[in-house]
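Heads up, the thing below is written out as structure tokens.
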Amino acid sequence: MKTFRYEGYGIPDEDFIRGSAPMTKEEVRSLTMSKLHPGKDEVALDIGAGTGSISVELAYCCRKVYAAEMKPVALELLETNRERFGRDNMEILSGAAPDSLASIGEPLDILFLGGTGGNLRQIMDWAEDRLKPGGKMAANFITMENAVDFLRLLREYDYQEIDVTQVQIAKGRGIGKLTMLMGQNPVFIISARRRDHGEI
Amino acid sequence: MKTFRYEGYGIPDEDFIRGSAPMTKEEVRSLTMSKLHPGKDEVALDIGAGTGSISVELAYCCRKVYAAEMKPVALELLETNRERFGRDNMEILSGAAPDSLASIGEPLDILFLGGTGGNLRQIMDWAEDRLKPGGKMAANFITMENAVDFLRLLREYDYQEIDVTQVQIAKGRGIGKLTMLMGQNPVFIISARRRDHGEI
Amino acid sequence: MKTFRYEGYGIPDEDFIRGSAPMTKEEVRSLTMSKLHPGKDEVALDIGAGTGSISVELAYCCRKVYAAEMKPVALELLETNRERFGRDNMEILSGAAPDSLASIGEPLDILFLGGTGGNLRQIMDWAEDRLKPGGKMAANFITMENAVDFLRLLREYDYQEIDVTQVQIAKGRGIGKLTMLMGQNPVFIISARRRDHGEI
Amino acid sequence: MKTFRYEGYGIPDEDFIRGSAPMTKEEVRSLTMSKLHPGKDEVALDIGAGTGSISVELAYCCRKVYAAEMKPVALELLETNRERFGRDNMEILSGAAPDSLASIGEPLDILFLGGTGGNLRQIMDWAEDRLKPGGKMAANFITMENAVDFLRLLREYDYQEIDVTQVQIAKGRGIGKLTMLMGQNPVFIISARRRDHGEI
């Protein structure tokens, strides 16, 4: 197995095998990880794991990571990146969530939503049983409507410490002695904690 | 001649013939125009006019516009867009500034720098004679170094009312009922006025 | 009456009397105006006119501007700014829209929403009768939820050419020979045209 | 000693004692940390440590952190935050860099510049002897001029893997059921590695 220079988070984009699928960019990934505060004894689930960049970084920090994905092409990339980084504590779940999550036998500390295939409310319901009280949830959005719908669900399900961070990154591209700023797409990073006790 | 729906500024990008040359995007163009406050009796010069999008909008608002450009491909686009919008008060000057500007026989109210081919200091010197006291200068930059060098020259030449605006635009792209935000490159819009009197 | 240096749009913020009410900042105002493409024979309505900065700029460009506002403090500022800029073609309507709009006897070319007091759907219904087919509508939003709700209404009412522009401005503040970039709040500028014919 | 919920990086701003001094905001701090890829056996130096937010986070990740600061008020906050988080591996150096750095007896893996008091070139010279070949340097800038001058020095001193990231964060502020986006000031995060061998 190849050894990578960086462990934990902050892995450069080019270290992942990407294919043509979209991947959370390095800076947005780091910020998202930082909002999740992964702990070394924690268990995490990444729904819509895509190429697995978030799952791999979580797997460097947590005891166990479940990576759920429904698209066949992405599943292959996910497997490739798990092996590439040697993350044996990362388990891949195939199919549409929440149906695909039945085999998870332990309560979760962290739930990250990279893509939900339109089943957001079902996943929120599922999380009521499976995400620990006080457990951390985060999601990234590139569309305004999905960001707002998620925010409204977080309030409806009485999530606490809701944090909304819109991040707009521009990267310098060197052209001779000049540095041209190239804008990336803005992303909404939304994170919150499940309430500690009580019914909604 | 085709009639265009919009006159003045705020012309949509797609109304211009663009070729493969980069063009100031609609929103950055509108903001730049707004900083220049073009008046109907004023005379403007656009150095590095490119496709001519700024020159055309200036020509809707001002008495006379000189559009200087050195690249042959851009010169063709410039001519095409001048005719497309029927701007007879727009005169095209071919070659590298400031040498190419010798034929301008009247003092300028407005000087816009879209690209300077590295002759920034010579152009500042030239402007000492040709831009009216109190005259308006503006420039757009996509590189940090050129923006800073221009700012330092504005201070050295004792320009007044220096305004620095970095604008970062994201445009919504409709995907079904969703709106994805697509980031554009950030641009520095820098504007100032020549001092009203006195030597530097 | 004082004469102002600038007419049309691009009026600096400090030229307006502002009080403590929030005011659309210069750059966002210019971009919004540019999306509305005001024409000299057109009639405009500004709902939630606030200090009147958009109304005043529209009044420099259009034949007639109605400025509707319900808050007493803002109404005073609106009146002050109308007089300050000598915009006799600007008529102030007091009270909550759409009830306050009954006296408008002519069809509108332009409808700008600066604030709607929660009556967005009623205003959209009202606009079905009063905004000309092909007429221009625009609104500025600082909250994600209101931006998304407006977008959904525009689609429901079959508006055309929907444009979503999120603008994030940073202004340079000079500190000696250094330029510190100060971020403003991002604003969603959403514009569209009423469909040209047909029922929804 | 109080126990804090979060260790490593991603510590919320409000967990630090801040006084009136400016502090790197949470998101910018996380991104900066992520660019530095701190390792558990590494030694770091933070010049212009200010309130110590970066030093504290580095001290959770690295073997040893030197925090240099010249302003008396900041030195007190630095000491307070070191104790608050119980970071015994964080050593505070008082005075202007590079003179204040004489007591550092080991080569550095990481050099972070939070503020340089105008001694940038002297610090670059000092780093030629003290930062390991391949060692990581990063700095944050809020002014365009300092960012560009640092970039030019990095090129002059032949630094490798220069990364320029301009980050613009907007934070959601909940107002009832609405989320208002509040813009922060944009920051340039610039990072690079010292060349591995050879003279400049």
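Each chain gets a letter, A, B, C and D, in the order it is written, and its residues are counted from 1.
Simple rule for what comes next: contacts are C-beta pairs under 8 Å (C-beta built on N, C-alpha and C of every residue); 3 or more make two chains touch, one makes a residue touch a chain.
Keep in mind the model is a prediction, meaning the values are calculated, not measured.
Chain pair A-C has a twin interface among A-B, B-D or B-C; that twin, with over half of the contact pairs alike by residue number, is B-D. The pairing of chain A with chain B is characterised as same-residue: of all residue numbers used at this interface, over half are used by both copies.
When the C-beta pairs in contact are tallied for C-D and for A-D, the bigger tally goes to A-D.
Chain centres computed from CA atoms place A at the largest separation from chain B.
One inter-chain figure worth recording: chain A and chain D are separated by 27 Å, centre to centre, where each centre is the mean of the chain's CA atoms. Chain C and chain D, compared by their mean Cα positions, are separated by 43 Å. Contacts with at least two other chains are made by residues 144-145, 151-152, 164, 166, 168, 170, 172, 177, 179, 181, 186 of chain D.
The residues of chain B lying in touch with chain D in their complex are 144-145, 147-148, 151-152, 164, 166, 168, 186, 188. Residues 5-6, 8-10, 26-27, 30-31, 33-35, 37, 151-152, 155, 162-172, 174, 177, 179, 181 of chain B touch chain C in their complex.
Of all the residues in chain B, the ones that touch chain A in their complex are 142-146, 168, 170, 172, 175, 177-186.
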